[in-house]
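For reference, the structures are reproduced in the following blocks.
Two complexes, one shared chain (chain A), two partners (chain B, chain C).
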Partner chain A sequence: MESTIVCLAGIPLQIDFLDSQAKKYFDSYLDLTSKPLARIGLSQEEFKIFRTCYDKKLPDHYVEYCELVSKASTALLPYGRCIFHSTAFLWEDKAYLFTAPSGTGKTTQYLHWKYLYRDKVSILNGDKPILELTPTGEFYIHSSPWKGKEGFGRNTSAPLAGIVFLEQGYKNSIRLLHPQEIVLPFLYQFLIDAQTIEELRMLLRMEEAVLLHIPIWKLTNLGDVASARLCHDTIKQYQTNRSKFL
Partner chain B sequence: MKLNLAARKGILLEKVCGKYLLVATRMEHEYCPYGSLLNETAAYYWNVLCETQDVEEIVSRAAVHFNVPQELVRLDFLRFVECMKEQGYLYESGLE
Partner chain C sequence: MAYYDPTLVIPGEPFPGIVPSGGGVSEPFSLRGGYTYIPLSDGRTAVVDENGIVLEVGYIED
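And then the complex of A and B:
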């Protein structure tokens, strides 16, 4: 069994691979000098179960890479970090997340922003960034090796400034959500393999902290450029108003 | 009357932003949903059910807690139990 050490959101983790070819997906995150704080890997039994959920044409090393995500996320949880299913991008030195169930249009929304705002926005991670809650109550977004099918991402971090929950609809509209409205759907966006009650407690504490301190909008949209403009202008207005009171 | 049902071990009930959230650990995913929202009454029933399976005791405690007649609580509680059993959060304790 081949192993390596990677650094995810500042935490060194040892990964034990069943298929040594899976190691290549983690090349940009190697950290061979640090002592790992946790160790992750799939058992043969787990792999056999997960394998049945994937297309037979996909190679084993790719399946292993995909399934390591929730293992990594759970290992990061005691360190105040968790992988969050979303598209993370940078705008005015802050990170924003588009989140939604798969196939709702997270990447499409980002591409519309890129088309409209060019160099003012850049991708941080296309599918599974790491959300960090620091001991002082600040939130950061870090990239991860899981960048989605488009492979969007670069190994960097930024403070989290807002989250947009996407929903497909017949017209474009956006509104700021009350935390209570989104407790359950938001929980499903944290990618975790909680084996214990204590891990669930840590997760829920993190969820509550995000819901109470980060503005979250619901963007119902047609998947068009106009929805991106509406989203941009709404957030811009919010941040401008907010800065007046700080 | 004692319920022949028990709450699954890997389930956590927590209040998140004022909402009661029932969440399951991975080993329970094949039996029940990962997460569900409960109202305040259901959350109360769940907590008491984790302490005792004695229906009369639960009903009398809930009747005092919510200040409503026992007959009303009994109906409501049994509906709750049926719903939780259907969702898999409760299992027939004699079977596992």
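And then the complex of A and C:
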């Protein structure tokens, strides 16, 4: 069995691979000098079960890479970090997240922003960034090796400034959500393989902190460029009004 | 099957080839959300807008 050490959101993790070819997906995150704080890997039994969920044409190393995400996320949890299913991008040196179930249009919404605002926005991670809650209560978004089908991502980090929950609809509308409205859908976006009550408690503490301190909008949209403009202008107005009171 | 040279594909610049669009899109290209996804020879994906400008290229690592 081949192993390597990667650094995810500042935490060194040892990964034990069943298929050594899976290692290549982590090349940009190698950290061979640090002592790992946790160790992850799939058992042969787990892999056999997961394998049945994937297209037979996909290679085993790709399936292993995909399934390591929840193992990594769970290993990061004691360190105040967790992988969150979303598209993360940078705008004015802050990170914003588009989150939604797969197939809702997270990547397309980001591309609409890129189309409209060009160099003012850039991708941080296309599918599975790492959310960090620091001991002092600050939130950061870090990239991860899991970047989605398109592989969009840069190995960088930024403070989290807002989250947009996407929903497909027959017209474009956006509103700020009350935390109570989003507790369950938000929880489902954390990628975790929680096995213990304590792990669930840690996750819920992180979720509560995000819901209480980070603005979350719901963007019901047609999937068009106008929805991105509406989203951009709404967030911009919120940030402008907020800065007046700080 | 056309796979484009990734060294010529630069975000923010025109795509260095013919960008299929609308009804002209077929495998290995795909059209999603009004943008054309173009496979590059190194396995990455370029996303191009309707003006032929490259918006993003996949597997970017700084």
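The definition used in the following text is that the second predicted complex is superposed on the first by the 246 of 246 C-alpha atoms of A that agree within 3 Å, B and C clash if a C-alpha of one lies under 4 Å from a C-alpha of the other, contacts with A are read in each partner's own complex, and residues count from 1 in each chain.
What we mean here is this: a contact is a pair of C-beta atoms (placed from the backbone, for glycine too) under 8 Å apart; a residue touches a chain by one contact, two chains touch by 3 or more.
Every value quoted in this text rests on a predicted model; they were computed, and no experiment measured them.
In the superposed model, A:Lys114 lies in contact with chain C only, and not with chain B. With both structures placed on the common chain, the touch criterion links A:Glu67 to neither chain B nor chain C. Contacts of A:Gly223 after superposition on the shared chain: chain C is touched, whereas chain B is not. In the superposed model, A:Gly105 makes contact with chain C only, not with chain B.
Contacts of A:Gly153 after superposition on the shared chain: chain C is touched, whereas chain B is not. By the touch criterion stated above, A:Asp127 is placed in contact with neither chain B nor chain C.
The interface of chain A with chain B does not overlap its interface with chain C at any residue. Put simply, chain B touches chain A in their complex at residues 10, 12, 14, 16-19, 21, 23, 25-27, 34-37. Residues 179-180, 183-184, 187-188, 193-197, 199-201, 203-204, 207-208, 211-212 of chain A touch chain B in their complex.
Chain A contributes residues 28, 105, 107-108, 111-112, 114-115, 118-119, 123, 126, 147, 149-156, 223-225 to its touches with chain C in the complex.
Contacts from chain C toward chain A in the complex involve residues 12, 32-35, 37, 44-45, 47, 49, 55-56, 58-62.
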